[in-house]
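Read the structure below first, then the notes.
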Amino acid sequence: MNKLLKIAVIGGGSSYTPEIIEGFIKRANELPVKEIWLVDIKEGEEKLNIVGKLAQRMIEKAKLDTKVFLTLNRREALKDADFVITQFRVGGLEARLRDEEFPLKYGVIGQETTGPGGFAKALRTIPVILDICKDIEELAPRAWLINFTNPAGIITETISKYTKVKTIGLCNVPITMEMTISKLLEVDKKDIFVEFIGLNHLVWGKRVLLRGEDITERIIKTMLDGSQLNMKNIPDLKWDREFVKNLGMIPCPYHRYYYMSDLLLKEQQSSLSQKGKGSRAQQVMEIEKKLFEIYKDENLDEKPKELEKRGGAYYSDAAVSLISAIYNDKKEIHVVNVKNNGTISFLPDDAIIETNCVVGNNGAVPLIFGDVPKEIVGLINQVKIYESLAIEAGVTGDKDKAVMALVNHPLVLSVEKARKLVDELLNINKQYLPQFK
Amino acid sequence: MNKLLKIAVIGGGSSYTPEIIEGFIKRANELPVKEIWLVDIKEGEEKLNIVGKLAQRMIEKAKLDTKVFLTLNRREALKDADFVITQFRVGGLEARLRDEEFPLKYGVIGQETTGPGGFAKALRTIPVILDICKDIEELAPRAWLINFTNPAGIITETISKYTKVKTIGLCNVPITMEMTISKLLEVDKKDIFVEFIGLNHLVWGKRVLLRGEDITERIIKTMLDGSQLNMKNIPDLKWDREFVKNLGMIPCPYHRYYYMSDLLLKEQQSSLSQKGKGSRAQQVMEIEKKLFEIYKDENLDEKPKELEKRGGAYYSDAAVSLISAIYNDKKEIHVVNVKNNGTISFLPDDAIIETNCVVGNNGAVPLIFGDVPKEIVGLINQVKIYESLAIEAGVTGDKDKAVMALVNHPLVLSVEKARKLVDELLNINKQYLPQFK
Amino acid sequence: MNKLLKIAVIGGGSSYTPEIIEGFIKRANELPVKEIWLVDIKEGEEKLNIVGKLAQRMIEKAKLDTKVFLTLNRREALKDADFVITQFRVGGLEARLRDEEFPLKYGVIGQETTGPGGFAKALRTIPVILDICKDIEELAPRAWLINFTNPAGIITETISKYTKVKTIGLCNVPITMEMTISKLLEVDKKDIFVEFIGLNHLVWGKRVLLRGEDITERIIKTMLDGSQLNMKNIPDLKWDREFVKNLGMIPCPYHRYYYMSDLLLKEQQSSLSQKGKGSRAQQVMEIEKKLFEIYKDENLDEKPKELEKRGGAYYSDAAVSLISAIYNDKKEIHVVNVKNNGTISFLPDDAIIETNCVVGNNGAVPLIFGDVPKEIVGLINQVKIYESLAIEAGVTGDKDKAVMALVNHPLVLSVEKARKLVDELLNINKQYLPQFK
Amino acid sequence: MNKLLKIAVIGGGSSYTPEIIEGFIKRANELPVKEIWLVDIKEGEEKLNIVGKLAQRMIEKAKLDTKVFLTLNRREALKDADFVITQFRVGGLEARLRDEEFPLKYGVIGQETTGPGGFAKALRTIPVILDICKDIEELAPRAWLINFTNPAGIITETISKYTKVKTIGLCNVPITMEMTISKLLEVDKKDIFVEFIGLNHLVWGKRVLLRGEDITERIIKTMLDGSQLNMKNIPDLKWDREFVKNLGMIPCPYHRYYYMSDLLLKEQQSSLSQKGKGSRAQQVMEIEKKLFEIYKDENLDEKPKELEKRGGAYYSDAAVSLISAIYNDKKEIHVVNVKNNGTISFLPDDAIIETNCVVGNNGAVPLIFGDVPKEIVGLINQVKIYESLAIEAGVTGDKDKAVMALVNHPLVLSVEKARKLVDELLNINKQYLPQFK
């Protein structure tokens, strides 16, 4: 148990890194980390240096024995690692900007993880993650890979189907929903329990329990005016309360892309035409620029408050907490992305789903809450079919599979549209899609 | 075996009736029909008289012992019937016209069996069919109900879930596809066998066999330019041949509403604005008017050729052929709407599906061809969930269920749109929707 | 359609061959057979010559153009065959005699297809059938293999899982049950329809329909005194009528081995000790000896009546009738052994089951009758698990798998017994079990 | 959280009660128990007084505020209880003695929870537990019922299917297996994790993890000589190590009744004839007599060591620990009997299974470990079918169902035997089987 740990962070130059470092500092008493390796690619070298030095100053201030290494050599970083965290973004924010814009031309929502935008991101990411996993299989076969990289469901399923790497996919949507609910009730997060069921970015809170009592209906009545159950990157549209009452479950913020697709599309189309407002990617670029200016300050030795604006709250902290649950065999419940194995009876065993799991040194084991309500079975099924075909397209580079994947996406559902979208995304992303050559 | 048969035709005043009569005349040697009761409602009395007299002239010409009765008294018609055929249309063609138009306001396809239009038709039909079934349970408990009435999947499922009436749902889509394929190959229909799987108006030809040899790929290559695989009521849009090749199955004409929804919508919107072209309902009204003028001719004593323009080809003949298969225990293969019972593993046992069945005196028993290809699992699931919720809404008159049903329809997928569509359809159909009061 | 057919009969020297020949003669107008190749192994040469010459005399008498070839060269016989019939018995009746005796030492029933005896037969047969199939794949890849060889379920499943050969497994139990029932009712076999569900030699008549009317209860009441529903090779024990009434289904004769295992065991143990009575194998040896004496008679040119004593009635005729259904694409219902594909929801798709199928030029497609009653789910499951493990043991020659297979057999259910039975059967069959070396 | 608790113990006069009391004393800091009501029937009054007074002395010694009440009035005891523990035995040890003996006459193992003996116990217990549950529904609708009463799987399933009472079934087999394994490895129980899957008294340790590492194979190699993995009431027969290695899972002690049924039967038959040795029930009677002598000692104020000989070790302590996990919402993993809900994919959702669950204030939620190995699917299925039919027989008092249940039990599998066993058990238990009148 007193093995000293080596952590590798792929995409270590990300603006999120200070939160990860803070997570390890906070848990220094339970996680004996000897080395943290921040690794990035050549194009990210400058950022890596800025954020990496901040990380070193943070560790120094905390008077820990941990050493922080900065490197462009991924294999060196992975060698004998105990935990690997992936938070890279292939193509950077420029690619995200394109993901958010190109679908709009064809009357489809532009979003970085959902719809054709998320599909483009998946296709760019799949070859890279498979490459990383090949290295892990060789250099750190016992390591756990905590996957942040979006679309987290698709990427985690790719790892699970095509590699031997032990992985858990992580998203901040469930934890954000729990935090929101506990704030609303003015209770400690430990007093509530939310039964989550669904897929990444398509997860429902099936039941909310307050000290064992089912309060789902009450939550639905009081919290659904949008501002309370949302995330920074999703427009703040109000829910149709009658609908949600009838649904009987708490939708996640991303469900707006399905249940309010037409409204969101209009909103996106109008903000595109309005100069100055810009897409979420553009806003993030601004924030990032400012953040790195702040990070450069040699007197800064803690995570700056400004990082919170960036979105992705709780994310990195959740990752470190997950690492601790594994390392210390806590048998603690986390909501993560994990192999289905029969949890959702109508999905294949090897599909990745998002649900409550017991996490310990044997990984994440799903809890089973019984039947999925009919009202959401169709959507879960359709989206998972899309994801499964998206993975096949991403791994094989088969353009016909790519079209078939988008035809199966509920927001596309048109062969002509799917073909045009695929043509365009292959074109604008071609430098990142070696598999399609 | 030599029991003489009583047949009741509900909606007997329909322009289709001469084809049914012809069907019985053609099969007089195998179906000893003593009485055919054509029954209609007060509003249809005139048509009933016109078409009923033609029917009598046809039977007379054929020199059969069969007697044709015309009545407005449904219970009299049903009493001790051996077979009941339902071909009524609640609200008539005026209601169909509305079904085809109101969804267009909200950017959704207007169609009489698919989408919000088909949903409105289902809601109008459910109370009536349940009422008819109550009579059958009482007056003719051993009768078989051959259900034509659209949306045939939903109506047959309603009968099967909520009544004790023995029923088989019938649609002319599969037989039309088989006829088209055999014409294209210039072979007898008996030499080909198409494995059908799916739902009513959402059925795929999974494999086509020519004398036992799988020729699916060949069919896909040669026949998919639209004109060959279509029906009168669906715009003749060409298929994306690469897509269908990749799908590896023959879509039915109605699949255009899912795979080409955007193109069809544009087409519908433009024809609505172009005077003179009109919706399908308007065209049909014209045809009907002319047909009934022809039927009035007292010298006419056979099914006039003009009926073929009406669409619904093969329909009535298929019904009589089905009746003969049951009566004579033929154990013949027909493609009908039947209880799933595990045929499609991911649907409930009590869902109605459309597939090849062996038909004999114990009804229709499905054949099982193995796994449904992943590419269509999502769509089948989503549409069946919609259908199942539509039935619940139609039976209970619960408006929230109605909204939930449309939210689950792949062509709607928006709570706001669903609510507006439900509001409007309840309003414009209110005289036919007693259950929603 | 007017292709002339080549038939190969493996185990052509069997005493059953005259019935096959008669089957082809009776169907000469629908099956244009050019050549029948009777093939056997060196040890069976004498019998092959005797029965082969009788076959030739029968064909001559019928004045057909068909030529009957006798050969020891299996590859020559298989080359370009259209249908292959397998009716061989590895180790001959001597092996059957051992199969019927060795389990008795350990207090387990001795039977040639059920229990440890059937298991031994399966292990002997698997290497041979795989060898034959390799030849068919090479020399007659389009041929249909009609498999008679017992245990028919296990052997058909082996072919289906480990080769590319198109196969249908055939057993005379269902047809015998249908014949018995129609005789009892004094109706034509065409007027009844029995829904069969289960496995080979473990098949239940779930419902019996007389012209569409469910008469299962009536059949149960009137026919269950044993003499009426039995087969030559199974002791004639009477059924517990209350039990069968409560079961609500017609058991097959072989169910006695499960539902009356203790009584049958006692009966077997006492007949073993009584000289003169002997096992079924010994009786069959006597019959066979006499039959071949009769066959030798050069004046005999038809199937002798004495063959009926042999058991296996309807068997060969059913095989030829099946061949005709395939060749003529009859879409006729036969009860055969076929891939499950979801028909029995709780068994794997690739398990072989015995049920009603539509047979045509695309092979046998199962009908689906809905849920299997709970009362038989456990037994079907347990026996299929045994069969599946038996196949693995037979293919791999893994002794541990063999023990595990018998531990899973409901008649053994003891590790110690299973191990002793496996030790003995491997020992007494060692010349026929190359895979265990 | 600071609600003071009322506990009701049905069968409070049991010799196990001191362990329950000790459990509450040990957990006094986490479980604020105000009242413990020990309730028993008239026939148990003497024992209740003896053990009840010991309980009071134990509480007094521990200086707790808890009050211990003794009563014959069950309704008074249940009124507003927070937790109910059931540990009664209908018919007492005399009935157990009969359960262990009568099956032997028919060549079937005699055991109090498995086979016909367990079946008799189930039939006696079902009417009583349903009666208790009716009281709980009325008097303490929010109470949790911790069910000890054997056969625990059947009784818990009866409660779950036929009442609204919240229940968890508890057995000491899994915890005993965990204790044995951790002792063998000389590690703390917290360092190992056993994935359990199966039914009550038919549960396998699918995998054993030592600090996250799979050591199942190692455990199988080292521990299977019987003495180490056994329980007091099961003869200590050695496992066939090759078999268990091939099985790849740890069988529970009760599996001997299936995998070594013949050996155990011989052992039982010989001990029956050997005077002095006696059945387990007789031994237990002796122990009980001595225990109550000890309990009477007014100086005794703690659980005496002699109780350990009684068997059922860890049982009562596990119950109190379970109560604490619920009350304190610990989200702790316990191995209990719980609704399947899809955990074992081939069993009905409402079947009770035994597996690892997360226990908190919402009860027990199963973890899902993926596929059940084929080698045990048949046995689990067959036994669960038996259990399900046993429940139907116990609830309805339908003798035919009772026969059908035993026919489906792997140890009976004979209609004749089943009928004789049912006749006898109904006869010798008639005073306890009001439902069969």
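As written, the chains take the letters A, B, C and D, and residue 1 is the first residue of each chain.
In this section, contacts are C-beta pairs under 8 Å (C-beta built on N, C-alpha and C of every residue); 3 or more make two chains touch, one makes a residue touch a chain.
Here's who's who by UniProt: A, B, C, D = 6-phospho-beta-glucosidase.
Not measured: the values here are computed from a predicted model.
Chemist: From chain B (6-phospho-beta-glucosidase), how many touching-chain steps at minimum until you land on chain D (6-phospho-beta-glucosidase)?
Modeler: Counted as steps through touching chains, the separation is 2.
Chemist: List the centre-to-centre spacing of chain A (6-phospho-beta-glucosidase) and chain B (6-phospho-beta-glucosidase) in whole Å, with centres computed as mean CA coordinates.
Modeler: For chain A (6-phospho-beta-glucosidase) versus chain B (6-phospho-beta-glucosidase), the centre distance works out to 46 Å.
Chemist: Determine the centre-to-centre distance between chain A (6-phospho-beta-glucosidase) and chain C (6-phospho-beta-glucosidase), using the mean Cα coordinates as centres, and give it in whole Å.
Modeler: Chain centroid spacing, chain A (6-phospho-beta-glucosidase) to chain C (6-phospho-beta-glucosidase), equals 57 Å.
Chemist: By residue number and range, which residues of chain C (6-phospho-beta-glucosidase) touch two or more other chains?
Modeler: As it turns out, chain C (6-phospho-beta-glucosidase) has no residue touching two or more other chains.
Chemist: For this structure, enumerate the chain pairs that meet the touch criterion.
Modeler: The list of touching pairs comes to A-B, A-D, B-C, C-D.
Chemist: Under the definition above, what is the set of chain D (6-phospho-beta-glucosidase) residues touching chain A (6-phospho-beta-glucosidase) in their complex?
Modeler: Residues of chain D (6-phospho-beta-glucosidase) touching chain A (6-phospho-beta-glucosidase): 1, 193, 209, 211-212, 326, 329, 331-333, 339, 341-343, 345, 349, 358, 360-362, 365-371.
Chemist: Any idea which chain B (6-phospho-beta-glucosidase) residues touch chain A (6-phospho-beta-glucosidase) in the complex?
Modeler: Counting only chain B (6-phospho-beta-glucosidase), the residues touching chain A (6-phospho-beta-glucosidase) are 107, 240, 242-243, 245-247, 258-263, 346, 374-375, 377-379, 381-386, 388-389, 400-401, 403-404, 407-408, 410-411, 413-417, 419.
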